[in-house]
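In the two complexes that follow, chain A is the common piece, with chain B as its partner first and chain C second.
So, the complex of A and B:
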């Protein structure tokens, strides 16, 4: 379980998050939505320990962020960055192999190598295994990074707007893979999304933020309606139910 | 990878053999002792600077900047000018070599840590801003240096000028031993963290995710870089573009993402460039031009080439 208690965060005098408390239970996909500047990415970065906590506390499976050892957290919580660029010339196999780093610290065992090979097959990367990352398309690169997070084998996976710059086919494929991870391996996935329709289609729970506060929280069919779009996003889009699922008509 | 490393090692041994034996006349034990000491200095400086540059480029996430380009050499010259100005050339020249080296190493370490932090903080992820900060600071140091050089007596200026260029001959053995101990310690520390260094190029988010927050490694690496560059600069003087030349060659010859490959390759290539270059200059071409001038010229061209290519 991820427990966020009374987290307040200010950047240069501006309040980004004000007294946010949230409990995210184990298993399933939680989507953080909200307008630009609502504090979604900041909240995710705080959980991911990419930003230092200013006040309040965050615990992941009882491990307190800012106190727990880095390598223990690395085996509990993985983060995928928004920008999928790396400075060194890595092959896909190298990159996926780094997912095992928290376990082997640079000296991979045969078990690690086998896990990486399994992940490459699972994510359909066998043909690309020896290709350099720079030579891959956006969707292929995305797959390689998800495969890396997969072999890191953590209970929790955080993603910050992974659908940016992806076309609809690649976006849906990625969300299917995440859905699969959540269902078959009971992983907990926290994901910042811009597109409410993706959140409604793939998430088990939607948390909406506005001006640094949680303004809506619950399963998609209870949270997403005309009122949410008006209150949170300040726009008059219609929401209609298709196959029992709320869809925003943009 | 291993074949390439073995090839480089072979080439380096060849260079060392040529350096020790080519054109030697007279008493072999004297020749070998004399040249052997110089050879040791060349190898030590080459290895220190190449490792310092590799790990500096790893934590800054670029392959253009080196500690020297960030203003380190200008800082060294400023310190020497200040020393000569405040003590006078006579005192400066009578300082025991060990004492001068100790003062230099300590001051350079402290000052360079401050310098690197300034540049890294100003730059963050912006390469061009880091280069600009480094260049501006270099110009500042150089202006202050030239001010003090104008203030001091011309005879004393000659002393400053003499230490402004790298020199590999006439080193004292005990200085060399001190340098070997200091640099050796720093290099052992680097070798111990080689696997952690592999993770850092993945960027701040992924390296944090994998349990290696870049902040912690950054400090350790900066301290090690300062020690290495300070020791080799205090030993032989400034060599600005040497590190860049060596790392560029390293990434070309051994295109591996792993420091377990990059570090030995960089050390071997540095040795080949310095020892091979020195042999060619001294024994084959019979030139009196110091090797550092040639290395600087080629290294400078490489820097310009990399910079222009990254702008495209």
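So, the complex of A and C:
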């Protein structure tokens, strides 16, 4: 379980998150939605200890952020940040291999190598495995980083806009993988999405954030409607039900 | 395969280094040759190899930490700070032992690199060329400080040795400190993975549970020890740490576990070659290796800068 208690975050006097409290149950996909600048990335970064906590508390699986050891956390929770401007000459295989670092600390076992090979296949990276990152397209690079987070093999996976740059086929395949992880292995996945239709189709729960506050929270069919789009996103798109699932007509 | 070619090239250069010089080893008398090789040519060759290898590795580590391919210790203030440390030591503790000099030079180098990284941290990541530019200016300022202090203290003739490296004074008993530099650089291989990961940035490092600050500090210590010891024993040699890691990254990529040995080999080969050239070019006089590499390196640096947009991270 991820417990976020009264988290407030300020940057340069501006309040980015104000008194956010959330409990995310173990197992399942939670989609975090909200307009640009709502504080989604900030919240994920705080949970993943990429930013220091200013006030309030966060616990992941009983591990208190800011107190728990870094390497223990690295085996509990993985994050794919929104922006990684990496133009490295690492190969895709090496990059994905570093996802196992929390376990092998520099001495990969045959099990690590096998897991990496499996992930490369799973994310359709076999043909790119020996290519250097800087020679990849945006979407290919994104896939490599998703694969790296995947091999970290953690109970909790935080993904900040993983569908960035991905085509529709790859996006759906990735969401299917995540569903599979949530259902067969009881993994907890928190994913920032801008496309409400993806959130409605694949998430068990949608949390909407606006101006640093939680403004809606619940299963997709209860949360996604015309009102949400108007209140949270300030747009007049219609929502219609198709096969019992809310679909935004863009 | 490549590794074998490199080793053979290195062996050829090293043997050349043993045989090139004012005294012709084929003409001279046997005993004379033996003592020449033992006391001068062999130490000089070993010193050259150790210096080249460790400076190239220090450059590669610095580039990983800065996430910028255009920095290296000797042009970004670390070398100049080491020289400042040695100068101040010579002024304040004229009787200081070599060991103390070495420690103080390394500490000064560490201080100098910490200041450098504190400055470049604030630079916008969208302007990668600002980092080496600020480094050059910062190195220039510290270097000017060294000259000023030396001038005031009437010690200008000393700093000439530290500011422009050369191996002509390398004799048995006067170069052995460089083994420590080589050792420090070699030990970095133990944390090759960690150094590769910090090159991916702080977020990725934290996510993988790496103690980012600790690895950076470890890297800075290697850089400072290598720089401090090199400046104390042979003086500043620019560009090795810049050109070699760039070449290696192009050839072998950025996984340090794979590329560090190549970096060491190429660095050693470059400095060996430059030293041999320096001995031959105005024979029977010598041109300091720092000057030879300075000329070659300046050209290579410009080439890197022009290819810059493509190479920059």
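Heads up, the rule we're going with is that the second predicted complex is superposed on the first by the 244 of 250 C-alpha atoms of A that agree within 3 Å, B and C clash if a C-alpha of one lies under 4 Å from a C-alpha of the other, contacts with A are read in each partner's own complex, and residues count from 1 in each chain.
Throughout what follows, a residue touches a chain if its C-beta (ideal position, glycine included) is under 8 Å from a C-beta of that chain, and two chains touch if they have at least 3 such contacts.
Just so we're clear, the structure is a prediction, and the values are computed from it rather than from any experiment.
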>> So in the superposed three-chain picture, is A:79 touching just chain B, just chain C, both, or none of them (first/second/both/neither)?
In response: both
> In the superposed arrangement, which partner chain does A:94 touch: chain B (first), chain C (second), both, or neither?
Replying inline: both
> Does chain B (first) or chain C (second) touch A:119, or do both, or does neither?
Replying inline: neither
> Regarding the shared-chain residue A:71, is it in contact with chain B (first), chain C (second), both, or neither?
Replying inline: both
> Across the two complexes, what residues of chain A are contacted by chain B and by chain C?
Replying inline: 48-50, 70-71, 73-75, 78-79, 81, 85-90, 94, 98-99, 101-102, 105-106, 152
> Which residues of chain A touch chain C in their complex?
Replying inline: 48-50, 70-75, 78-79, 81, 84-91, 94-95, 98-99, 101-102, 105-106, 132, 149, 152
> Which of the residues in chain C come into contact with chain A in the complex?
Replying inline: 125, 191-194, 196-197, 199-204, 206-211, 249-250, 253-255, 312-313
>> Touching residues of chain B toward chain A in the complex: what are they?
In response: 61-62, 194-196, 198-199, 201-206, 208-213, 255, 257
> Given the complex with chain B, which residues does chain A contribute to the contact?
Replying inline: 48-50, 70-71, 73-75, 77-83, 85-90, 94, 98-99, 101-102, 105-107, 152
